[in-house]
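The data blocks that follow each hold one structure.
After this come two complexes, each holding chain A, first together with chain B and then together with chain C.
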Partner chain A sequence: MSLIATLARLEAVSTGRAQPAATVRHRHLSARPLVFVPLTTAGEAGAPLGALVGTDRDAPKLLAVPQPRDRDLRFAFLSELADVVLPYVDGFADAVEAAERAETDPETGKRIKVEVELCADAPQLIVPSRAGIDLVRLLGRSMRFRRTAEQDPEAPFPAPPRVPLLGRWLTHFGERARVPGSSLLLATTDVLSRHWATGQSTLEDQHLGALLAWIDPPEGRLGAEAAQEAELARDADGQLLCPPAGPATDPAFDNKLLAPAIERYDRARTALAAAEDGLEADDRLGALTAAEREIRALVESRTRPTWDAVWRGLDLLRELPEGARVEERWTRDRWSFTSHRDRVLAGEPPQPRRDDAVTAANKLAVREREQARLEAQEALDDPLVMAGRRLAGEAFAGEVVDVVMAYSDSKRPSPRPLVTVRTDDGPHLGERARVYRSLGGKPQAAEFVGREDGPGGDGGETLLVLRILDKMGRGKEPEAGSVPEKGDRVCFTLFEHEPRGGAKLPDPEETPWTHGGPPGEEAVPEAADPVTEEDLL
Partner chain B sequence: MPAKALDARALAALAANPGCRRRAILDGAGVNKAALASALGAPSVFGQSQFAFVRGNAFEAKVKADGGTELLRLAHEKLDRAAEPPAGAHVPDLTAQGPEGRTARTELALREATEAATAAPGAWTLLDHPMLALDVAGSPAFLEPDAVVVHPDGSWTVVEIKSFPMLDGAADPAKVGAAARQAAVYVLALERVAARLEPSPRVRHRILLVCPKDFSNLPTASAVDVRKQRAVTARQLDRLTRIEEIADTLPEGTCFSPELPAERLAAAVESVPATYAPECLSACELAFHCRDRSRAAGAVTRLGRPVRAELGALTTVEEVLAAARGEAGDPDDPTVAALRRAAALRAEALADAPVPVAAREVAPCR
Partner chain C sequence: MTAPAEAAVFDPGAAAARATDAILRDTLHGAARGVVVDSPPGAGKSTLVVRAALELAAAGRPLMVVAQTNAQVDDLVLRLAEQNPDLPVGRLHSSDSDPYDKALDALDNVRTSAKAADLAGLGVVLSTAAKWAHVKGVEPWEHAIVDEAYQMRSDALLAVANLFQRALFVGDPGQLDPFSIVGGEQWAGLSYDPSASAVSTLLAHNPDLPQHRLPVSWRLPASAAPLVSDAFYPYTPFRSGTDHGDRTLSFGVPSDGSGPDRVIDEAAASGWGLLELPARHTPRTDPEAVRAVATVVRRLLDRGGAATSERSPDPVPLTAGRIAVGTAHRDQAAAVRAALAELGVADVTVDTANRLQGREYDVTVVLHPLSGRPDATAFHLETGRLCVLASRHRHACVVVCRAGVGELLDDYPSTEPVQLGTLVKFPDGWEANHAVLAHLAEHRVAWRP
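Let's turn to the complex of A and B:
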């Protein structure tokens, strides 16, 4: 945490309200996100208990598994989930725009531009917390290798038709969420705590209710007080007033309410199976339905507060104007969505359990590059983030006090003006270090020439002399507006604005022996997980 | 109120915050911290769902079913491929009266199994829920590992059975870490037993972690190296002997009984300094009480240990803010200078914001 962020937290402590940690919104928010608030059963590897899901904040779809240990009921849950998620995802697949992509021509080996489709918009999945993102990955992993009766008539316990496809999409969302700055799958707590500094620790910020209480406390209350109430307050039955955002449930809820309800459901089901005639069966079916309804009500009572909290969080985030470079990052998300759509349409197999060496290296390279890009872009979009970089000596801002025209020594002299900037910042500039400023959204490079201590002596103002290197046009005289003028406020960064990635990695067929060599000749489709009597998902 | 015996989980948690005198003395004295926290009006939130409990027990029973055949097969495969594969497991009966009796019985069984292994090579022994004693700050703590395996070469391995899944060969690192810290305590306790034997057998530092495979209920296992956790816990336990010293500093007649009126109890608890950090919330029953106290005192540590480290000698919120505003503090102190710089930059950035962010905030409430 930078000192500026720490200071913001301390101010939040003293004022009793969260303080801004950003002045613009650094993540894209879709106009129509799909919110997913899942619950799981304690002790089972992510066996779903229920969920609220949908795009309409007033009408979420409630899904519940009355007996989480029952495979058929779990499949029914996943199938219903697919009925909500897949139409939503498909809704973005058809509206496309033409785009260009550089590809290597297989015959000539040259880089050429290819006309391709790019989806005009992409789906966005919002979960309450980081644990929700892990569950999305887990659900994806559990479903994508399943076989439906159509794919494999011999398979025991075939999965409902669209479940494997849902698994592939959830896997894609989960995988994309690991790319810094991506917005296909977001956790509300992460996005909120990126934009506000609360008066509690980052660990406590994981609690959605407490986080919201700091950012937007109820009328006339202090954030600290409201946050503690959200964390701990219980009703007369010992149930939390603000249930955890999940997917894990509160043990008190499990033991006092859920377990007895599931037991009643089990009894009703056994009784129904033992019914001897139609009349008796009708009665017992009624009891079973009542028991099921009770569990659904319980699930709804624990997910609805979180559902509302997620939407409230989205409202708060929408109040912030979107950062200038957020759209560009969202375009990358759209590329990611489009390419996965194409892989699904092309009938490619599901994502493997383990990536091969080249894919894994590529993913890491992408994440590193995106991390650098995100850091640069956030700073350029947001003066508050830039302030942190300035404090760290990675950028400086100041007033231009002098501009001296100079030219390069080459045959055709180009302009290389010397600009003197007066700044209070203390950038760590090495000899001839490159610095960059944003000129109409494009980076302009300059070279550090020298420094003079200002009249204030040490610690105070410094005069930095920079030589502008590019973006001044082809002529002998620099283009108008391309060189800062005396009196201008300028901000230079020591980091690049558009960080480049490392060298290109080889194709999978060219994997060097040091990394296991090329993958096997023909790609063997991965087998489904062996099915046992007691499977959990 | 009966003393609450220390278990492996508590010992491992102690190692996580060694500087906390409050936890050290309360644990050392066997005080039931959950009851204490409730009496102080800041009840802890730890609890286990019965679903998790049932599932954990069912899985453990499945792993140990059939005389531990599957468990020993996993131990052979993951830890000791060079040894003779286990043909049949020897599972001694460890029932006895009371924890002391069970400890003695376990020690005897361990000795016999080790001797049997040297006498007749190829024999594997499985100790199901043995009882081990570990001397913690002068009083014995009784520990019950899930199982201990005696290899054909006479060495011992701790087995930890957990019900979180190992998905494609990898499990949740946080949970594996917790299991490793717990197992390290068992390794320490076993080493004490081994030291009493002649020749003293080797206690392996790679423990066997058994988990369900993927989404099934089938067991799979992985060897986990716990040398680091063992070293940390051993060092902490040695430091715990200072409990008597802490106790000496307490006023005469200090008592932590939950039956006392809340104020007297709070005063008693207050007489021992605590080292609260947000990590305590997931490890200590008293954390909410300490957090309230830390808030009341305006300590900056409640925002996290790194924050404290960043702010040097300034330890309270008001001190830091006053220094940042230029009202207090020595401007030559680098921390104070950095704070003022940070405050100025932050104010400038908020004023520059595309929309006035600060304007939406209401005036400070106090």
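Let's turn to the complex of A and C:
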């Protein structure tokens, strides 16, 4: 944790309210996000119990699985989920704008510009917590290899028609969420704790109720009190007043409310199957429906508070103005969405279970570049984030006190003006270190030449001499405005603004012997997970 | 019944020569596409790389050398030129400003260029892994030497492996593992996990490659080799090339009785010294500990140290250039630099463990990674970090630390999740830290600054 984050947390403790960790919003928020609040069944990985899902905060769609171990009911749940998610996703597929992309021409091997489509907007999925993102990934993994009856009439348990496609999309959302700074799939707790520092640990920040209690405590209450209440307060029946945001449920709920309800449902179902005549069946069907309604009500009672909390979190986030470079990062999300749309349209197989060596290395390279870019952009967009970097010695701000014109030694001397900056910051500048400032949105590089202690002595103020290296035009005299002037306030960073990408990796067919050689052709599409005894109850 | 007697007399020179011969035989005449050499700290890894390069060049095999940093590449070029000034050597460099050491310009047979094509036909071409990755569309080299292969990431090897047909991989498995600034759990357990080390991927796919080990550390003194070997290389032990008494460190100015002077004397006599400050939770740049480190360095210089070793019959003065300070974090290094500047000390190397890898000094002063911390994270417990810090010295190592690290370790046992399919690294940082701490406790000087 950075020093400024520690200080902000201390301040939150002493004031009883979360402190801002950002002055602008660093993630894109869609005008019409799809909020997804899922619950799972304890003891069985990825078995959904229910969910609230939708784009209208006043009218979420409630999905529930009355017997989570029944695979038919589970498929029915996934099918209903697909009926909500896929139309939402498809709604962004058709509005496109023309864009250009650099591609390698297969004949000449040269980089050329190609006209392509870029979706004008992209879907955005919001889940309450990080565990929700993991569940999205798990659901995607469990669905995308399933075969429908149409694809494979021999499949023992054919999936409903649109379920495999939902699996591919959820996999894409889950995979994209691993890219730093992406916004296709966001966890509310992650985004909120990026923008506010609470007086509790980062682990406790993953409790959505407690986090909101710190950020926006009820009138006249302290954050710490309100957070503790959100975590622990229970009603007369021993149920949490603020149910966990899931997907896991509270054990007291499981034991006292859910298990008996499921048992009643099971009994009603067995009774219905044993009905001997129509009249009896009608009665028993009524009992079954009542049991199912009861479970739906239970699911709604645990998801609705979270659903409202997610929207309240979004409201709080929307109060912050969007950071200047957020749009640029969202454009990359749109590219990601567009390219997956194209893969689906082209009939490509679902994402493989495991990346091959080249794909894995490429993904890692992209994520490292995006991480560096995100850190730089957040600092450039937000003086509070930059203050943290300045405090850490990774940037400095100050006033220009002197500018001396100088030139390079080459045959055609170019301007290399020496700029003296007076600063109170203590940057960790090594000999000839490179520093950068933002000049009209583009980074201008300078070289650290030397330092003198300021008039104050004792290290408070320092004078730093920098040599400006570029962005001054081609002429002998620097272009107007390209060199800071005496009296200007400037802010230089020790980190690069536009991280450079690494070298291009070989194609998968050219995977070298050190990495096992080419992966070989996938002759048959990957099969779904084999059915085990536990699947058949 | 002569075997026990033979085993009792260990001839480090002969053991090292046998290992080197076997490595060169496999490299030059073996059938395997790769040879892996594990080298403990200061075991003559660079010497081996230079010798293998010269022999491959002499055999007429076009050779590329992959190192991890520009400093390492420049160092190898200078050593090659020193050993064989007539060998045509190419230094492939980046197109940044100041891409290589200016000393290379003075060498007649060294050609430097930012384009691989300009260096075609030279016997040996050297560059960093990052630069090699940009080389495309050239005839593959017959042979490669990959230096510091354990510090190279698997994805970096993927980017360059098509440039050569066969390769010698040399590195130190005990030093810091390569790292990634983003999580790579997704690929943990895959044989080609891109964030793992190049050697682990190589061996996962080619388990039959010959593996060798250099058995003797020429850098570490007899006082340090057993501890470093036991704590960090428990299954692949190594020995010191010198014996107790081969190296001595003496000071012209007697101790003034202060903590720093007493710890210096303890370290000079035994090879290790622990300057223990009172227990306290502090910020990373603990001002008292930083000042203590700087004071020890100042006193090392002021007291007219002289080092006697097998390298020369006469004592060599202990100068600023032969002392290094090691820390875990960059801000700690910056704070120590500032404190040294205040005490008027210049030219002492102060750096983090990552940047001290592969370097060698007479005396090192280490700010313990766990000093003053309220918690022990995986970063601070990493085995390689402590191993690098504890194995840079030829004579003595002084560790500056707050009391209470033992209790801290007991409060924070390693809890890293175990991933299926990954090799669990032994020893873990927790155990290695305890081993080092137990040894240092015997050389403890308590001091209240």
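By definition in this document, the second predicted complex is superposed on the first by the 528 of 537 C-alpha atoms of A that agree within 3 Å, B and C clash if a C-alpha of one lies under 4 Å from a C-alpha of the other, contacts with A are read in each partner's own complex, and residues count from 1 in each chain.
The definition used in the following text is that a residue touches a chain if its C-beta (ideal position, glycine included) is under 8 Å from a C-beta of that chain, and two chains touch if they have at least 3 such contacts.
On a predicted model such as this, the values are computed, not experimentally measured, just so you know.
Engineer: With the two complexes superposed on chain A, say which partner A:358 touches: chain B (first), chain C (second), both, or neither.
Structural biologist: second
Engineer: Counting touched residues of chain A, say whether chain B or chain C comes out ahead.
Structural biologist: B
Engineer: Can A:367 be said to touch chain B (first), chain C (second), both, or neither?
Structural biologist: Only chain C; A:367 stays clear of chain B.
Engineer: So, does A:393 touch the first partner chain B, the second partner chain C, both, or neither?
Structural biologist: Touch status of A:393: second partner only.
Engineer: State whether A:347 touches chain B only (first), chain C only (second), both chains, or neither.
Structural biologist: After superposing on A, A:347 lies clear of both chain B and chain C.
Engineer: Which of the two partners, first being chain B and second being chain C, lies in contact with A:428: first, second, both, or neither?
Structural biologist: Second partner only, chain C.
Engineer: Touch check for A:106: first (chain B), second (chain C), both, or neither?
Structural biologist: After superposition on chain A, A:106 lies in contact with neither partner.
Engineer: Between chain B (first) and chain C (second), which, if any, makes contact with A:503: first, second, both or neither?
Structural biologist: second
Engineer: Figure out whether A:440 sits in contact with chain B (first) or chain C (second), or with both, or with neither.
Structural biologist: neither
Engineer: Quick check for you: in the superposed arrangement, does A:516 touch first (chain B), second (chain C), both or neither?
Structural biologist: Only chain C; A:516 stays clear of chain B.
Engineer: Using the superposition described at the top, list the residues of chain A that contact chain B and also contact chain C.
Structural biologist: On chain A, the residues that contact chain B in one structure and chain C in the other are 3, 354.
Engineer: Touching residues of chain A toward chain B in the complex: what are they?
Structural biologist: Checking each residue of chain A against chain B gives 1-4, 6-11, 13-17, 19-20, 23-24, 41-45, 68, 138, 141-142, 199-204, 222, 224, 232, 249-252, 254-255, 258-259, 319-321, 353-354, 382-384, 386-388, 390-391, 459, 529-530, 532, 534-537.
Engineer: Inside the complex, what are the residues of chain C that reach chain A?
Structural biologist: Chain C residues touching chain A: 33-34, 98, 130, 133-134, 136, 154-155, 157-159, 161-162, 167, 180-184, 186-187, 190-195, 198, 201-202, 205-206, 283, 330-331, 334.
Engineer: Quick one: which bits of chain A touch chain C in the complex? Just the residue numbers, please.
Structural biologist: 3, 178, 180, 354-358, 360-361, 363-365, 367-368, 371-372, 392-393, 428, 432, 502-506, 510-517
Engineer: Taking the touch rule as given, give the residues of chain B at its contact with chain A in the complex, in rising order.
Structural biologist: Contacts found on chain B: 45, 47-56, 163-165, 167-168, 212, 214-218, 278-279, 281-282, 288, 295, 298, 300, 302-304, 306-307, 310-311, 317-318, 320-321, 324, 337-339, 341-343, 345-346, 348-350, 352-355, 357-358, 360-362, 364-366.
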